[in-house]
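First, the structure itself, so that you have it in front of you.
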Amino acid sequence: MAHDHAHEHDPHDHDHGQAMPETALRVKALESLLVEKGLVDPAALDAIVDAYENRIGPRNGARIVARAWTDPDYKARLMKDATAAIAEFGYSGAQGEHMVVVENTPAVHNLVVCTLCSCYPWPVLGLPPVWYKSSAYRSRAVIDPRGVLRDFGLSLPDDVAVRVWDSTAEIRYLVLPERPAGTEGLGTEALADLVTRDAMVGTAKVAGP
Amino acid sequence: MNGVHDMGGMHGFGPVTPEANEPVFHAPWEGRVLALRRAAGAWRRWNIDAGRHTIETLPPAEYLRLSYYEKWFESTIKLVLGAGLVTQRELETGCRDPAVPVATPPLTADKVLPAIMAGGPTLREISATPRFAAGQAVRARDINPVGHTRLPRYVRGRRGTIECDHGAHVFPDSNAKFEGENPQYLYTVRFAARELWGEAANPADAVYLDLWEDYLDAV
Amino acid sequence: MNGVHDMGGMHGFGPVTPEANEPVFHAPWEGRVLALRRAAGAWRRWNIDAGRHTIETLPPAEYLRLSYYEKWFESTIKLVLGAGLVTQRELETGCRDPAVPVATPPLTADKVLPAIMAGGPTLREISATPRFAAGQAVRARDINPVGHTRLPRYVRGRRGTIECDHGAHVFPDSNAKFEGENPQYLYTVRFAARELWGEAANPADAVYLDLWEDYLDAV
Amino acid sequence: MAHDHAHEHDPHDHDHGQAMPETALRVKALESLLVEKGLVDPAALDAIVDAYENRIGPRNGARIVARAWTDPDYKARLMKDATAAIAEFGYSGAQGEHMVVVENTPAVHNLVVCTLCSCYPWPVLGLPPVWYKSSAYRSRAVIDPRGVLRDFGLSLPDDVAVRVWDSTAEIRYLVLPERPAGTEGLGTEALADLVTRDAMVGTAKVAGP
C-alpha cells in the first residue's frame, strides 16, 4: 500500500509545513489586521476551514466511483458530463467547476498532475496531499510516470498505456479506478470504503476487500 | 513566464514520498492561510490567474524552499498590498490606518458554503466557431511570454492531436494582467510521450493537456 | 539531467547586477575553496565532468540559494567523500583516522603554475571521420538522461546548422560516470533565435553551442 | 559605463558570498583535515590563490586584444587558431585549453555565457565575476541577450545581429571588441588599458580614451 511508505524527507523540503513559529505568528498578524479593518469575517474563516477539514474530502469521490461501478446509467452520465453527474450528489464548485472523469481499464492507466501549480479536483477529493504538491511529483509525473507509480509501489507492465493528465487549465480530472475482483456482493457504501484518494488520482489501484 | 514553477520534466527532486494518514492541515495556520486567501478574494480585487502569477513570481530559490501554504501566504500578502486592501505601513505595524473607515466583509459565515459550491466557472459563450476539431494535428506554439501563461515549456514546439474541445474558457494570459477574459476555445491535446521525451519513452504512453486556441497552430 | 542548473531561457531571476570594482574573491575562504578543489583534484580520483555533476545534484533549492563557491565547497565535500580520500567520521570529527598513513600531496607549490598552464585538454585523436560538415542542417536530439549531459534542454528537438568541427573531444555524458572518454567530434552549431524562442525573437540573432556527435541527428 | 550600475541585490541572492562565518569555519576545517592527512600541501593552496589573485586576470586578454588591433598578422593567427596565438603570450591551460576568438563588427555583436554552469576563459580573463555566474545572467543571456545588454547600459540597434555563445563544452570564447575611434596614435599598452573584462565577454563596448 502506498501509505505504508516510510515518511522520509529531505531536510530542505519544507513541504510539510512544520509550523515555523514565525510563519504562524505572521499569519496570525495578517488575520488580525484584516479582521480589524473589516475586510474579513473571522466566522467566515472558521467556516472555510471547517468545510475543508470536515465536509469536502475524498469520501465524496469514493461515493461517485462506487455509484459508477454499480449503476451503468450513472456511469454513462458520468463519462458524458462529469460535472453534471457529480452535481447529482451535491458536489460542485471551487476547483471542480468543470470536471472530466477518465476510466482505468486493464489496458489503460490514468494519472493526474498539475505541473504548473497543484490544481486538483477539490469538490470530490478535498485539498491535495503534500506529495501531490511536491516538486518531485510535479516534475516527474509527466516525464517518468512509471517511476512515480513505482514510488507508490505500483509497477505497470509495459503494454499498459499510461495517460498523464496535466491539468493546467480549469478542467479537473477524477480517475475512475478499476473495480477489484471479489466485490460483487458489496453495496455502494462498502465499495466506497475501498476507494482511496490515491486511486482516484491514479497513483494506486483499488485493492479488494 | 518560464519560471521555476514550470517544472514538468525536471529531474533532481528525488522520489515522491507519500505520508501515511496525512491530516488536511499540518498546523492550524495552514487552514487560516487558505481561509484568508478565499475571504480576502471575495473583494474581487484579483482573479485566480493573477493570484497564480503572484506565486510564480516569488524569487525562484524561495519558490522551491517554501511549502505550499507558505507560498500562498507570501503571495496573499502581495495581493492585498497590490490591491490596496492594506498598506505597507499597516502590514509592518500590524495596526490599521485609523483614517480609513472600517469595512464590512463581503463574505460572511453563512455565505461560505454557497460560495464554495458556486465556485468560479470559466466557461463562456462566444460567437466564434472552434478553429480545431477532434483528430486534428496541431503544434504547440513557441511562445515565451514573460507574464503568466498556462502553456508549459515541455510541450512548446511539439506536435499533438486534438482530443476534444471544452467550449470557450477565460484565457489566463490576458486575465492575469487584468486585460480582459478573452475567452477562446479550450482543447484537450494528446502528446505522445515519445514526441515529448524522445525514443526512450514508452510508445504506449501519452500526456494530455488542456490548451487554449492561442497556444496552438495547425500542422 | 534536467536539473535546475540547466537554466537557459528561464525568467524570474531579475536583472543582471554588475558590481563595481569587484574583487577576485569576496572573502578569503572563497580562494581556499578554489585551491582545495584543485589541489585535491590532483589525486585524479574524479574528472571535471564528474565534478560538475556533483554540483548539479545538489538539492535544487540549495543550488539556487548557495553562492558559486558555496556550491563548489559542498560538491568538493561530496567528491572527497565519494573518492574515499576522507571518511564521514573524519569529516564530522575534524580529526584524521590514525590507522591511515599520512600521504604525500601530489601537488606541491612549485608544480602549481605548470599544472595551471598545462590544464586538461579534452582534444583526442580518433580514427573515425566526422559525421557532419559545415553548413549541414542538424537537429539536436530529444534525450533526457538522468545523468550528466551538456545538451541544454532549450535546444533539444531544435534545428540548427553546423558551423565547424573542433576535432574529437572527451564526451562528458560517459566521462562523468567514469564509463570512459568516448571521444567524438564536437561541432559548433548555430541555432536561429527564432527557432529556439519563436517569432518574437530578433530574426538577426542566433545562439551557438558546441555539441557532440551523439547529441545530433541529420535532418 | 557598465560599472557605474548601482549594486543592488536581491536579499535571497547569496552570490556575492558574504562570508557566513559558518562557511568560513567549515572550509577551514576541511583544509586542516586534508593538510593533516597529507592530501594537500598548504603552500600549494597559497600558490593557487596567488595565481588567480595576482597573475591571471583580464589584463591578459586585454593584451591579446590590443595586439590584434595593431598587428594584422597576429590577428589573422588569432582568428585562425586562437589557442596557439594566445600561447604566444604565455597564456594557456586550465579553462582555456581550446580557445576561439569571435570578432565584433558594426554588424555583429558577440556575447559569451555558459547556461549550465559558469564556464569562462580563465587564462585570458581570470576568474569570472559574480554577475557572470548569476542565475540572472545564465538564464537570460540566451533568450533575451538584448535585455541583458541593456542591464549593462548597452542598447543595440535591431539590425545588429547578436550572436550568443553558450560555452557548455570545453571550447572557451573570447570576444574581440571593436577598436574605438580616436585611438590611432596609441601603443599596445595604452590600448590594453582601454579594454575591459566586460568588453571581452561581450557585455560592453570599448570606450575611447
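Letters A, B, C and D mark the chains as written, and numbering starts fresh at 1 in each.
The rule is short, and it goes like this: a residue touches a chain if its C-beta (ideal position, glycine included) is under 8 Å from a C-beta of that chain, and two chains touch if they have at least 3 such contacts.
Note that the structure is predicted; figures quoted are calculated from it, not measured.
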Contact-richer chain pair (by C-beta pairs counted) among B-D and A-B: A-B
Approximate Å spacing (C-alpha centroids) for the pair chain B, chain D: 40
For chain C paired with chain D, centre-to-centre distance based on mean C-alpha positions, whole Å: 17
Distance between the centres, which are taken as Cα means, of chain D and chain A, whole angstrom: 51
Residue list for chain A, restricted to those that touch at least two other chains: 10, 12, 135, 143
Where chain C touches two or more other chains at once, by residue number: 2, 9-14, 59-61, 64-65, 144, 196-197
Category of the chain touch graph - line, ring, star, complete, other: other
Residue ranges of chain D touching chain B (in the complex, touch as defined): 10, 12-13, 135, 143
Of all residues in chain D, those that touch chain C in their complex: 2-5, 7-10, 12-19, 23-24, 26-34, 36-41, 43-49, 51-53, 55-57, 92-98, 115-118, 123, 126-127, 129-131, 133-143, 145-146, 148, 151-152, 158-171, 198, 203
Residue numbers on chain C that touch chain D, as the complex places them: 5-22, 24-36, 38-40, 43, 52, 55, 64-70, 73, 76-77, 80, 85-86, 90-91, 94-96, 100, 102-105, 107-109, 111-113, 115-123, 150, 152, 154, 166, 169-170, 172, 186, 188, 193, 196-197, 202, 204-212
Contacting residues of chain C [partner chain A, same complex]: 2, 59-62, 144
Of all residues in chain B, those that touch chain C in their complex: 1-4, 9-14, 56-57, 59-61, 64-65, 141-144, 146, 153, 156-158, 196-200
